[in-house]
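Okay, so subunit A shows up in both of these, paired with subunit B first and subunit C after.
Take a look at the complex of A and B:
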């Protein structure tokens, strides 16, 4: 079906109106500093309580497998998890399988450590209170190596400090010695690799956080208890922030997201009604 | 990605160029007023970085109005920067510490020979992969590929079967097992009986029916007629439910990315208090 120039113009204008409406419903809640209550999901609660139940000094491996393209969804999750770990006195062992994500993970870790240091007045030092292992190639082979000997797989941390004598890694020789792992991932390598080559093989509890697009793929692993909890997209991050009682960027984004969803539902219903009305009108004209 | 370039809005290019120039001037004035990159107390590098990022964000969203040269520049810049950054990080975090340093920056001869012993064969196999680019010597890469595929399959098959099939089968059967094991302990027709025993078992039955129906939909050795057709249609129903859930999450994900950019523009570029 060929469209007339007038039809094309109308189509373009309709599209521009939709874009402007979406922009308005995203920006307005921020300008008026509005907020809305919401209940955390049971999967976020499970992950939170699992981390919360760990004793001070426990080792939590955090694999942040994403790059700046997914930081809008996963950075708030990473920040909330790190805040929780530092508040509980846990020792986060942070790494990434994504070479393009190293700098942002390092900055996030450094900023969060500085923030906690400012709030508590106690020093939060690399190598003592947390470890940043950085990136190494190998993906699944690297996980298997870490399962055999973590300190051989990473003989130095990101800052070139030897891991063998690092106080933060006392008692951790391999993945079998960590108390829990959480993988925040935007694709492959990511959560499924950690399940297959990590938690199922070396038997440690694994939690996950993913972009919203990926979340449904991981549902079967929660039912089978291969994941102890799951954070899906910005909503997952907001859930964790709320459980932590430290609302931040994700919580602030929830109202914009709810309004956008409402607008989209209205637009979908409206467009379908218009289509049906058009079909009905055409049928009546044909019958007449 | 680009829509047809047919001009249908009747506006002149001069008008659009004027509007664009005005927007650029407004953007620069707002940036200079809010961030003050050249004031003595400002972190100039960081402020200029924020201005560039904000400008590129607007340029990327300008595609929503129409495909334009500024968008093309930003698009190519994005691809180029990502590739360049990836290449440098791969060199710094992978090739330099694993290949270059062990041979050329070894602290002792012992360390050098140790590296030579452990790294020479993997490095040769890695270099052989590059011969793929040559028609004459491309066959050499097959040794590396053979090892990778053999090794990879050997590792992956048992672990994947365990994680994806055995564990999933076990979790599919678990609700039935729970129902049978605890049936005697829970009074029949009580709330606990319904919510803890009957409902999980019903859920497992639905999952089982869905799995069989979807698998049958992709099973083409039998004609999808009568009973087969009904099962196949049920499979489509389950697939649609799955696609609907995925689509909902995808919309949420895309909106989250927009929210992330809006937060950046409001909090870092415009410095609106949180």
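Take a look at the complex of A and C:
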């Protein structure tokens, strides 16, 4: 179907108006620093309580499998989880399966450790209070190797320190010895890989966090208890921040997301009402 | 023929069969075999990164040579790759084998944090604008199926954000502020879950049948060239 120049111009104008509206509802809430109360989802609560129930000194494997494109949604989740781990005295063992995410994860981990150190006054050191294993190729095969012998799979951490004698990894020889794992993923390799080759084989509780578009694919795994909890998109991160009682980036983003979703709903309903009105008008003209 | 077809097919059959059988044999030898094989797979996987980089650069060389539309962007691919490889190898003066220095900013770190991260995040964030425009123009209730999909999408989209609780409380009373989030959860936990399970089972069965076809040499497209 070819469109007339007038139609194309109208279409372009409509698109520009929509772009301006979206820009306004995204930017304005950040300028006014308003907040909006909300109740955390049950799946976020389950994940939070599972992490919270671990004893001080427990080892939590955090696999941050995403790149900068998904950082807006997943970085706040990663930060909230790390803050929770450090506050509880847990030992995060951090890694990534995405080569493009290594520097980003390293920076996030270092910044969060420094922030906790400033707040508590106690040193938070790599190799002692946390481990950053970095990236290695192999995806599912790497997970299988970690299940057999974690220190052989990663003989050195990201900072080239040997893992064999690392105080933070005392008592951890393989994935069988970790107390819990959480995978934050934006695609493949990600959560499904960790379920099939990690938690189902080596029997450790696994939680997950994903971008909002990916979350629906993981519902079968929470219903079958293969996942202990799920954080979906920025809302999932905001839920975790609220449970942690430390509102940060995700909570601030909730107002912008609320207004953007509302705008989308209004646009869709408006467009359909226009469609219906057109149909009625055509029917009336035909009947007349 | 023997080197290009028969030997690869035999290798796939033997290794594939051993990989399958070891899952059901609870013997230390079986575990050792798995450990050895997964190490090999990881080494081969490492080379795949080089093949990926080669393939990407090869494609862009062709675009520049043929002066295809937007070939100037391909020049930027080479510039970006060359600069990042050079500063990555330099590694703040420590060389490629040393750990990244933590006490100072390297050129590689600067490029990653100030170019790669904001550019990737910007491209992804533009999606919100396209989605809003596309939803307005194409999400139309033209028949019953489309109307059902539209209704579900609107409920889930609205129920997932905090404003729905405020609107629910205003419409149905403070005690019922969770009406929209609960409706969104119900859609996700029942119809969505059922559909996802169906898709996953279908995909898994397809993967199994494809694996059997490859194992027995019925499917040979991975060898390249024609089947004849």
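FYI, the second predicted complex is superposed on the first by the 287 of 288 C-alpha atoms of A that agree within 3 Å, B and C clash if a C-alpha of one lies under 4 Å from a C-alpha of the other, contacts with A are read in each partner's own complex, and residues count from 1 in each chain.
Quick note on the criterion: contacts are C-beta pairs under 8 Å (C-beta built on N, C-alpha and C of every residue); 3 or more make two chains touch, one makes a residue touch a chain.
In this text the structure is predicted, and so the values were computed from the model without any measurement.
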Quick check on the superposed pair: does A:201 touch subunit B, subunit C, both, or neither? Answer first, second, both or neither. first
With the two structures laid over each other on chain A, which partner does A:99 touch: subunit B (first), subunit C (second), both, or neither? both
One more residue to check, A:220. First (subunit B), second (subunit C), both or neither? both
In the overlaid three-chain picture, which partner chain does A:24 touch, first (subunit B) or second (subunit C), both, or neither? neither
Considering only the touch criterion stated at the top, classify A:137 as touching first (subunit B), second (subunit C), both, or neither. both
In the superposed arrangement, which partner chain does A:261 touch: subunit B (first), subunit C (second), both, or neither? both
Applying the document's definition of touching, compare subunit B and subunit C: which contacts more of subunit A? C
Which partner does A:72 contact after superposing on A: first (subunit B), second (subunit C), both, neither? both
Once chain A of both complexes is superposed, is A:275 in touch with subunit B (first), subunit C (second), both, or neither? second
Of the partners subunit B and subunit C, which touch A:37 in the superposed model: first, second, both, neither? second
Intersection of subunit A interface sets (partners subunit B, subunit C): 15, 19, 22, 26, 71-72, 99-100, 103, 136-137, 141, 144, 212, 216, 220, 223, 232-233, 235, 257, 260-261, 264
Complex contacts: residues of subunit A adjacent to subunit B: 5-6, 8-9, 12, 15-16, 19, 22, 26-27, 30-31, 71-73, 99-100, 102-103, 134-137, 140-141, 144, 195-197, 200-201, 211-213, 215-216, 220, 223-226, 232-235, 249, 252-253, 256-257, 260-261, 264
Touching residues of subunit A toward subunit C in the complex: what are they? 11, 14-15, 18-19, 21-23, 26, 36-39, 41-42, 67-72, 99-100, 103-104, 106-107, 110, 136-139, 141-142, 144-145, 148-149, 158-160, 212, 216-217, 219-220, 223, 232-233, 235, 254-255, 257-265, 267-272, 275
Considering the complex alone, what residue numbers of subunit C touch subunit A? 31, 34-35, 38-39, 41-42, 45-46, 48-49, 98-100, 102, 108-109, 112-113, 116-121, 123-125, 128-129, 131-133, 135-137, 139-142, 150, 153-154, 157-158, 160-166, 178, 181, 185, 188-189, 192-193, 196-197, 200
Subunit A partner contacts - residues on subunit B that touch it in the complex: 6, 8-10, 64-65, 82, 85-86, 89-90, 93-94, 98, 155-156, 159-160, 162-164, 167-168, 170-171, 242, 245-246, 249-253, 255-263, 266, 272, 274
